[in-house]
Structures are given as structure tokens and as C-alpha cells.
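Okay, so chain A shows up in both of these, paired with chain B first and chain C after.
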Partner chain A sequence: MSTPSVEPVPLPAKRRLAQLAMLAFAVVIVMFAYANVGLAIDKQIPSGMLTYGLSLGGFMLAAYLVLAKFAPWADPLILPLVTLVNGLGLVMIYRLEQSKAFGASANTQLLWTAVGVVLFSVTLIVLRDHRALQRLTYTAGAIGLLLLISPLLPFIGKNINGARIWIEIPGVGQLQPAEFAKLALIVFFAGYLVAKRDVLALAGRRLLFIDLPRARDLGPILIVWGFSLGVLILQKDLGSSLLIFGTFIAMLYIATQRTSWVLIGILLFVGGAILAGMVFEHVHARFEVYLNPEDPELFQKVGGSEQLMQGLFAMATGGILGTGLGQGHPKQIPLAISDFIFPATGEELGLTGLMALLMVYALIVQRGLRTSIAARDPFSKLLAGGLSFILAWQVFIIVGGVTNLIPLTGLVTPFMSQGGSALLANWILIALLVRMSDAARKPPPQAIQDEGMTQVFQR
Partner chain B sequence: MSELTLLLIRLAFLALLWFFVIAAVGVIRTDLFGSRTTTAAPARKAPKPVKPAAKPKKGEPRQMVVIGGPLEGTTITLSETPITIGRANDATLVVSDDYASSRHARLFPQDGQWIVEDLGSTNGTYLDRSKVTRPTPVPLGVPIRIGKTVIELRK
Partner chain C sequence: MNSTLKRVALACLLMFGLLMLNVNYLQGVRADDLRADSRNVRNFFDRYEVERGRITAGDKVLAESVDTGSNDFRFERRYPEGKVYAPITGFFAPESESNIELAENSLLNGTSADLLIRRSIDLFTAKKTKGANVDLTINPKAQEAAYKALGASGKKGALVAIEPKTGAILAMVSIPTYDPNLLSKANKDEVNKASKKLETDKDQPLLNRAIRRTYPPGSTFKVVTMAAYLESDGTLGPQSQVDAPQRLDLPNTTADLPNYGGAACGSGRVTLSFALERSCNTPFGKIAMDLGYDAINDQARKFGIGGDPLAVPMPVAPSDFGPEEDKAALAQASIGQRSNQMTPLQMAMIAAGIANNGVVMKPYLVNKIADSEGGEIESADPEEFTTAISEDTARKLQEMMVNVVNNGTANAAQIPGVTVAGKTGTAETAEGKDPHAWFISFAPAEDPKIALALMVESGSAGDDASGGHTAAPIAKSVMEAVLGR
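== the complex of A and B ==
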């Protein structure tokens, strides 16, 4: 530092080329997996490999071009990582379709992927500045609530597999509005916490070793808690309930840096869950399955532990290196296309493959949290943190569920499971992260034009 | 398709998956280790014009002069004590400026040079044209901008 020259601010590189290379790499891996499935099942490379691989590559190239045009400073890794997970999900669904698993349709999923990429692009093009969302804080909250309760409404609400989380749109099909509701709710939480975090962070007194908030500041957390219990009881949707409450707690913690909120949240949730387990039959049944999955009686029961056990058997068969793509028996697992795609993948790719998959998820989340750290305003920090956390939290809940670490809740594996709503919502989530990472990595406005004078803004 | 081929394909696929993960980590290496791009970047941006006034002159600065903003003309004689600038009453140079933070920036001597350090201000401190992100030496006659106030060091 002896030369007193003016230090230029180091600029982050755009890394466009690295992104394109990683994107191509991801598509190649997916095509390889596809060929592997064909070779194992039909002893030949499947005829659709090129069309299939090229269409996936085409979608992603389109997404890349939109990203390069409208968010040039965005993080180079997010899109390739998502492409790989989405592509592997497609291959697994194709593979399950080959073995005639119930409901598996690779073409439908490919179509949804295309729609997802379109929504990704539209989000990037329309939403030039994500801070516009901050103005919509309460609107987003209202939309989120409305979407969440919409399945309870008569006529459009539908009850499928014991959970009332679907709405039927005539001509379009069924949608799970909760998937979109969670995005709206995160926007709401972020906007709300930015406004209120000072009082939530500072007021209170110290008891033993922990800072307790004031009783009257418990309002928001109690409302969200009651709300998520409502989802649990009325819609019988354990997954969304846990997802929303957990995300709120995490965002509260990010906003206030106060451990007591996390403790209060965990206590509230555990209390609520135990209460719900005692009072409500469907929650109780989940706990039974969780505690004694190997009980023969439970195994035989409809909706008992068979699914969970088959998933565990599948992962045990897979072992360290897996049986190889197309060489396992994922059809044995009920609902292997949606909730249980993770054990189905585990059987064929083994622990090695699952760990790679989890690493890819971890990297996506890491990029999101990194965006949150680099973001310049508190709203972006909270929004990016919340969105990355919900992704991580969702992977944890479903993977923990299928491995019997925590009670199983019906959640989809992000980007992998068959199902349009989740895929579309997650693509929008990724678009928001990309938009924010673009804003965070963009070099700050450098020079003030007028020599010697400070720029003065008229107000 | 023989068992062996399938086994090889299987292993190749797993290797490829991990290779992807490692490649991805390679792309973000710069984030993790804060690496080479920082040293490469200034070299690439070397042609950025540096104001002629930025050339160091012999001798140490003796005074700090406010050359722009509401306090224009104020002079502070430099001693060995650090100078704080901000809206807070205990700052050495108290600026009443909506664009300045209460503890905005600090100037302190070190090895015969004066160093400017931003104290986490909202709107930033600018040395000449670049934002001060870390303690940076201040050459003679280079303007430091803090909100609407511009100061420079003189002999």
C-alpha cells in the first residue's frame, strides 16, 4: 500500500462462459443417464435420446439467453445446478414410465419443465427490480393466504390421497396452490420483518442466558403458528405446515439474530405437533408409522408403513454404488414418481449418487445464501435467505421423511418429483434468486460524474 | 449388453456426477477462497485514468480543507490524532447533511500517510471516484466525498 494510487473496487466476473459450459455439462450428464436407462432396459440406446436431450438442452439454452440478456451479472451456477436436478428427475420419471409405474409420464414432465422455463424467463423479464416486491408486502400476504385456503373452498377444492390441497381449474387440470402460496408468503415475511425487525430484535429482557422478547411481540409468531396448525388440521397437509412455520422461524432469526425466536418456534411447533398427534387421527397415524415402521400390522394396513419400508428397502438394495440406472425395482415403491423419487434414485445410484444429488442441492442453497450475504438492502437479504432456506428445508423434510429420520410428510422433492405446480413454483423461486444475485453482484455505481462536486439529488 | 459394460457405465455415471459437483465448486472457488481474480482484476483495469493530482508530492499533509458542501472553507490542522467525520456531535468534523451517516468516515495517520476508512456509512465514502471499501491511503489533493461534503488534504 505504499503507492497511494486509488484502489479500484474489485469487480466480480460475470463468468458467462463457465455458466454455459456447466449448463452443457449438465445436459450431457442427463443424456448419458437417459442412454444408460435405455441400455439397461432395452439393450439399446433409446430412440428418443437425441430429441429428448436436445429439447432439454434447448429449453435451458433459452433460459440461459434470457438470463444473459436480462440478468447478466447473475450467479453462474444456479441455472446449471437446477438443470441437472430437473434433468435427473426427468430421467427417473422416464425410467419409471418404462417399468409401467403408476402415473409416470416423462412427456408431461418435460412439458411442465418447458412451462417452468417460460415462467422463469417471464419472471426475469417482467421483474426488473425485485425491490418492487417490497411494495407488495401486504398484497403478497393476502395472495398467499388466499392461495393457501383456496383448496378448502367448495367446487374448486379437491381432496386427493387424503389431503385437501388441490384445486381443480376447468380445462387446465389440478393445481397445488400451496406451492405458489409459499413464494407469496416469503415475500410477505421478508417485507414485514424488514419493517418490524428492530422491535423484534431489541425489545425484551434477559433471563438466565437468553434474551426473551416481550410478550406482546409474540403476536406475529403466534399468528403464523396458528395458521400453520390450521393448514395441518383442515387440509391434512403436514408438509406445507412444517415448511411454512420453519421458514418463518428461519427468517425471523435472519432478521433479528436472536436465538430465543428459534427456541420459541421449536417449542411451539413441537407442542403443536404433539397436541395434533393426540387429537387428530391422521397425524397420529404418521407418528405410529414413524416410530414402528417395521410393525407387520402397520405394514399391511392401507396407508401404513409399506411405502416407507419399500423406500428403505430400495435404498438398502442400492448400497454404496447402486444397482445402476434401469436395473433396480423402483416400481415396488408406491408413489415413486412424486414423494418417493429420492429412494427410487437411491436404489439405482446408490449412496454415492444420492450424496452427489444432495451436494447439488446444497450448492444451489449455498448460492442463494451467498446472494443473501452479498445483497445490499435488508429486504433482498431476507428474501434471498428465505427462498434459499425454504429450498433446503424442503429437501430436508422430504429426505428426512423417506429415510425415517423425521415423521414422513407429503412433500415433493424440489425439481425432481413429477408434478407441475411444484416445478413451476420452484422455477419462479429460482428466477427470483437469479434476479437478486444479479442485483447483488452488479458492480455498485462507481463514479460521481461532476468533478469535485458531490451529486445532489433533488427531493 | 453384458454385465461388465453396464457396471462400467454405472461407475462412469457416478464419476461424472461427482465430476460435475467438483466442477461446480471450481466455478465458485473465487467465492470460497477469495482468490486470484482480485489480483488479476486491477491489472486488467489498469488503463483507468488516474487524476494527475493523485500523484504523491513530497512531504506530509499538514491540513485538511473542506472544498465543497455547506462547510466549504473549513480547515483542520492535522496532528497525530485521527479525525472522524459524521453527523454525530462528537465527530471532529460535524457535517449536517442528510446524505452522511452519524459516524461516516475516519482519517488516521499511519507511517507518514493519512488513511481514510469508511465506518459502515449508508451512502459510502468516495476517494476521488472510487468507493472506499477498505482503509485506503489518501494522496495530497485528492478529493474525498462524504455526502455533499468534499474534503482534501493539503500541505
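== the complex of A and C ==
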């Protein structure tokens, strides 16, 4: 009697050891970068290198242990990649602090990194099943909106650098609630779209080769559009406005599979942008700078193209190989620690460094999208897709802005720019992706097959 | 949903692709333009990134780059000797440089093609390339003596001393001067302020009077007229007789040419040597009118006046005997007045030419240039500039100029035990204005080690300034410094 050969179900490997090795590699790269800065500036290895390196290594080891315990099947690449970007950001901020760039503080950023890792761990430990978030769809939506409008509230809202996007919490400091709002809104979008996607996908009239949605289904997109315009008008925050609207369109498209939504979204965006450009001086100014950054008059103007040009000068000076860490003059770029950390990095690490950096971002996004595709339920797919897309979209908006590919709108560079809010929010975002990737890669409970065979117990 | 997710993934790929393309375009294609943009302050920092070479003279360091340890302005230019050498070293300002700093800039900052080998070695040994060191021909003792003597009691003027046999410039002083340290700070605003102040100063401290400005040379030019006369007839000598009236009638004018102070010149018929010793005007006016414009002008050209523009390596303002006019003008020009305009350097070259038996050597300031490791890149090669007069004429002139110091107007320049030759000059500038006081000389006459020209500018040495009283004693102290007395 022949036994039918049973194909063993291929299990995704956990690759925990590989992850640890890559994590260590990322930390070593960062430590080398620290040493590099010190050697270039003071001709000696900075005294804080071990402190910085060991703290970063310690935090990441903690994050790794939490991940290994609470999300053992998670994608092994995400954490090391994020560690590398976060670490390079720390080095750049340390380097800018060394040349006394305004506001740069490596210690503060290291502290925020620690808090970020804590939040990452807490998220993984508390949120055992991310699908619980689906039940909080409308709560998340309400929280998102509240966070988004909180800077407009009297007393706590603060106006910094012409944008009203900060709130001041006594004892804690300043926070940029929009960074957390984007997470809550994506949870809301995902939950909402999962529930309504069948309706939104219904075809209305057919125009040329595109199925238009029914007019009455336009409500949600118009509401989000309205809110984005509100953010733009009331808070003068072009970046967040574009970020949220774009992400919503992408998620709407993923959920409904309707290209028409993308077209409607683009039309609404272009309409809004033209309107804003005509009505608001600061939006108009951004367009002018974008079209002609080298214009001497715009260069001289307050709020003109000088900042952008300084960034471009920095990148040009860096050239292919860069000046080397600690050997350029990134301090010349206004806001080099936040919005313009990318050109600052470009000056010292050159095209080579920037390509590697973009590649790392692209890989993080790719791991996220892979998680989304591997996910087993629509909510997870949408949530993972939305989170991955917003990361890519944010990198595109800010990096495209500072390299004059698109008009400049202020946003932080994820994991690199100095600032607690963005770092914390992004670490939570990564925790969510890790949680979902764990769920997606975890082998489903296997049915006992071939019940006729004798089961062998091994001791 | 997977199909749309894949499309979104494609969109993300496209976004990253665009970013990467754009970064490549910026840092690869447009980099050169953006780097060279005048608004890119990094160009300004780059100036301070290299350790510029030193400028030295003898054992003195005149200019050096000091490592400040700062990341923005790494090396600061310092001039330990400050004002004394400013007309030579120049300054290294945030946006410009001057004098030697300018003329030898590419060697000092290490970018010159002559340093290619050094740079290649540095590339392989991972050393930071330093600029080449420039050693000057300046004799610090002479320079300092001249600065001290000329600068005393608020005089303005210039002095150039040359080694007659080589053309090496031993001293070049221009007073008033400035502190190059103030113009070489790495701070545009501060430097612009300091530089504006110097530029608007009516005493023109930034002007190198020794080479960048011409003055009427007065009676010191009589040696040229004398040279032309001696060259015109080989039988003439120091004891030959010439007419020396109290006043020389100038044809076609109502004016006539008097002697200095209207004095008589001997008995009205004197030897050539006597005419030079007493610096009588009338015999020289007459000689010039007899020889004609061309003869004097040719002789002037043979001394290098009005020829190819000189660079030492700083460009030298052209000296000029003046255009051909009438006889009256020629008579005045031949005693160093009218449109006759000379730089102190040119007058020093004339003295040096006579001292060097008629051969004028090309003047130069740079003795040697060596890379940071001491490897020689170039060293001075003395070059004949012109042959101004025959050896015979030169000897006659030497004899007469020694007489000027021993018996004539320049007795203040006598140095015990050394035969000093010289010629004073007191150049009138304008009616009612004080004259410039001149003195040219060389010593020792039998084996000249130094030839110099000194000019004390009008108005800075009193209304009775004269070559003999004002200028000769200063020249004496410089010669003593060089001759070690």
C-alpha cells in the first residue's frame, strides 16, 4: 500500500537571526558615521560615539526583543531599515549641532528616538490584533479630525514660522498633532472604505472609457477635499493638506478599484491648488519659487527662494561622492535640521548617499506594500496599503520639494528630521506595519492532514 | 484589491524613480553651475579651506595661514610683520587679494598646474594639499630700516632698493600703508568696512607709491640727460667744460630756466662733474636742447622708460619722459620737470643700471617658490633688461655721482669707509606747492651691492624739503643696513 506523498506546506521563515544581524549592521553603520563626523571636525573619535551608538543599539535591541516576542513572524527587514534611517538622521543632527546650526540637538532627538521605540513596543504589546482597530473606525476619525484642528484652538494652538500646526502642552512641550492625525485618519479611511467600498464602486454614467461614480457617492471625497482645503487655508500647512488628500485618494482607489476616483481626485486637487494659488499669497509665492528659483529678486525676498537654493547649492557642492560627513557646510541651509535635512545629507554624503537613502525608504515602502498584498482581510490590506503609501507619498512631497521637483511644501522627512511628533507617529506607523506583517506571514492553523497515518510522538 | 495595490506599488516606484532621477540631475548634471553660483557661500568657505603657502623674506615670515580649527573658516591669513611689508605681500580678503597674494595666488593656494605632481602625491598619501611657499628677495634689515626712517616724523613717500647685479628687489616701502591683517579677516562685512575706510582715506594708504604711481623725478633725472650727453661724444668726461649761465633763456617763451633758488652755477662755465654736484639746471637744459628730444628720449628708453610694461610680478605703472613739444619743454623735461613722470622703481633701475656698468637688470621680487615639502618649483634667474649705456659712460657717471656725495648736494649720504654714489632731486609739483624730495644712489661704488631710489612726497616733509636734506639721510640708513654697517 502506497502512501500518497504529502507536500509540506511551505512556511515563511521567521529569519530572526538575519534580522538581528542586519540590525547590528545598521547600528554599526551609524556608529561609523558618528566617528566620521568626529574625525572630520575634531580629528578624533567623538567621546559620545559609544554613548550614542550603544544607546541606539540598546533601544533597537529592546525593539527587536519585543518584536521577536510579540510579532515573531513579522517582516525581518522593516526594523533594520528604519533603524538605519533614524540613525543617519541622528548623525546628521549631531553633525549640525557640532557646527552650531540653529536649534539642532542630538540629545533631544536621541531621547525622542527612545520614546519612539517605547511607543513602538507598547503598540506591539497592547495591540495583539490590529483588526481591533476596525471597530474604532469612527472613533479614529473623530480623533483624527480633533487632532487636525487642535492647533486652531485658542490657548494651546501656536503659530510657528507662519504655519499654525503646533499645539503647546504645558509640561510636555510643543507637538505637531497633524503627525498623529494622519495615523488616526488612515485607520478611519481603512475602516470606512472597507464598509462602503461596494457602494463607492458602483458605476454611474459612463463617460468615454471611464465609469463615473454616482453623483450621490461623491460626498466622502468632497468632505475630505474640504477638510484638506481647510487645513491649507486655516493652518497654512500645504504639506499636510496634500499628504492627507493624496493618501485618501490612493486608499479610495485601492478599495474601489475605480480609476475614475483618481481622476476626480486629481481634478479636485488641481482645482483646489489653482484656487489657493489665486487667493493666497503664500501659495502663489511657492509656485513662483518653484518655477524660477534662481531669480535674483526671489532669492532676495523674505520667504523667497533662498532656502531652496541653499539646499540646491549644498547638493551641488556634494556632487557625486559628497564632501564627507563633517566636511561640508550644511549649516548654511536654513532649517537644515528639519525640512531640509535631505539636502544637508546630500552635501556630505553626495549623490551616492542620497541614492542609498532613497533606496532604503523605497525598501521600507516595498516591505509595507508586500505586507498589504499578503494580508488576508480587506481592512488589513487597506490599512497596510494606506500606511505604506503615506510614507512614500510623504518622502515624495518633501524630497521632491527640497529638490525642486515639485513646489515646496513643508513636511518632515520621515525618521530623519529633528522633531518628536513626527518621529513618534512614524514609529507607531512602523509598529502597525510590523503587527500586520506578523499577522500576514503567520502560518494559518493547519488542518491535521492524512488522519489515517499513525501519529508518531517524539520524545 | 491586490491588483490595485500592485498599481499603487508601481506608483510608489515611479515616485522614487522620479526622486532618484532628479537627484542625479541635480548632483550630476547641474552641479557645476550651482556650485559656481556667486550666491553659493561655499565658494567663500573654500578660500579658507586650503592652507595657503607662506610668504617669507630671509628668515622673516611675512604671511602665513593659521589653522583656526573652525569648520567654516579653517585657515586664517596672518601677517606677523603687518604694515611694514603690506605694499609687497598685499592682503587676502574674502573676495579679493592683492600684490604677491594676487600675483602668486595659484601657487599659494596650490591650484597651479606647476603643483600637479605635489597634488598627485598628496592624493595617494592622503595628505591635504598645501599651497606653495613664496620666498622673496627682500632684505628684512633694509626693509625695516627704510620703513623706520621714511615713516619717521609723518613723511609720506616710497623707497625701492635693488641689487644692481641681479635686479633683486631688496626693499620696497610705501608710506602711509595699512595693516593687511585687518583686510584679511574671514568676515566680509568687517573687511568691507575696513577697506572702505582705507579707500576713502585721502592719504591713499592702499597705494603702493613705489611702483603704482609716477612723480616728476626732478634733478635725479639729470643723470639720464648726462648719460645721453656722454654717449653722444666719447671724448667727453667729468672734467669737460659746459656753459652754466645763471638763467637759461627758453626759446619762444617769455620764461627762462633758473638754477635752484636762482643761484649762480660756479663761474658760468663749469665742469660736467661740478654741474651734477651742484645740480645746476642751466647746463642740463642747454645740453638737452643741443642734443634734441630724440637723443634724450632714446636714452630714457634704454633705461627702460616707456618700454614694455614691467611686472615684478605686480604690474608697474609705466614711467614716461613726456611727449615731444618745443625746446623749452625739452629743457624742463631733461631736468625732471614738465611731463616727465617716473615711478620710484624706475629711478632705482636707473641708479642700478649705472652701478652695474650700464646694464639694467630686470627687477624681481620672488626669489624662490617651493612646494610644501620644500621641493623647488621655480627660482629666480636674473635677466638683463636693457643695456642703457656703455661701460665707459657708466664709469664716468659713477665717478660724477660719487663726487655728488663727497663734494655736492648729497653729503648727508656719506658713509665712513664706503664710497657712496648718488644724486639728489627736488621736484617742483605746482606753483606754491611743496616739492617732492628725491634721492637715488648706490654703494659701494666700486662693487655695488645696493642701488636705491627714494621719494618723499610733497607736503609731508615741510616746505624746505630737498633731496639733500630730506631724502639722502634716509637712503644712508638703508644702505648701512644692507652693507652691514
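Everything that follows uses one rule, which is that the second predicted complex is superposed on the first by the 442 of 459 C-alpha atoms of A that agree within 3 Å, B and C clash if a C-alpha of one lies under 4 Å from a C-alpha of the other, contacts with A are read in each partner's own complex, and residues count from 1 in each chain.
One rule holds in what follows: a contact is a pair of C-beta atoms (placed from the backbone, for glycine too) under 8 Å apart; a residue touches a chain by one contact, two chains touch by 3 or more.
Just so you know, these numbers come straight off a predicted model, no measurement behind them.
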- Message: Taking the superposition on A as described, I'd like to know which of chain B and chain C A:G400 touches: first, second, both or neither.
- Response: second
- Touching A:A392, do we find chain B (first), chain C (second), both, or neither? second
- Message: According to the stated criteria, A:A33 is in contact with first (chain B), second (chain C), both, or neither; which is it?
- Response: first
- Message: Contacts for A:G350 in the overlay, against chain B (first) and chain C (second): which applies, first, second, both or neither?
- Response: both
- Query: Counting only touches as set out at the top, which of chain B and chain C does A:F313 meet: first, second, both, neither?
  - Reply: second
- Item | Set of chain A residues, in rising order, touched by both chain B and chain C | 350, 366
- Note on the structure: Within their complex, chain B touches chain A through residues 1, 5-7, 9-14, 16-18, 20-21, 23-25, 27-28, 30-31, 37-38, 41-42, 45, 48, 50, 54, 56, 67-69, 99, 113, 124, 126-131, 133-134, 136-139, 142-143, 145, 147-150
- Note on the structure: Contacts from chain A onto chain B in the complex sit at residues 1, 3-13, 15, 18-19, 22, 25-26, 29, 32-33, 36, 39-40, 43, 76-77, 80-81, 84, 321-322, 324-325, 327, 349-350, 352-353, 356-357, 359-360, 363, 366-367, 370, 444, 446-448, 452-454, 456
- Query: In the complex formed with chain A, which residues of chain C make contact?
  - Reply: 1-9, 11-13, 15-16, 18-20, 22-24, 26-28, 30-35, 37, 39-42, 45, 71-72
- Note on the structure: In the complex, chain A touches chain C at residues 41, 98-99, 250, 253-255, 257, 294, 299, 309, 312-320, 326, 328-329, 331-332, 346, 350-351, 354-355, 358, 361-362, 365-366, 369, 372-373, 378, 381-382, 385, 388-389, 392-393, 395-396, 399-400, 403-405
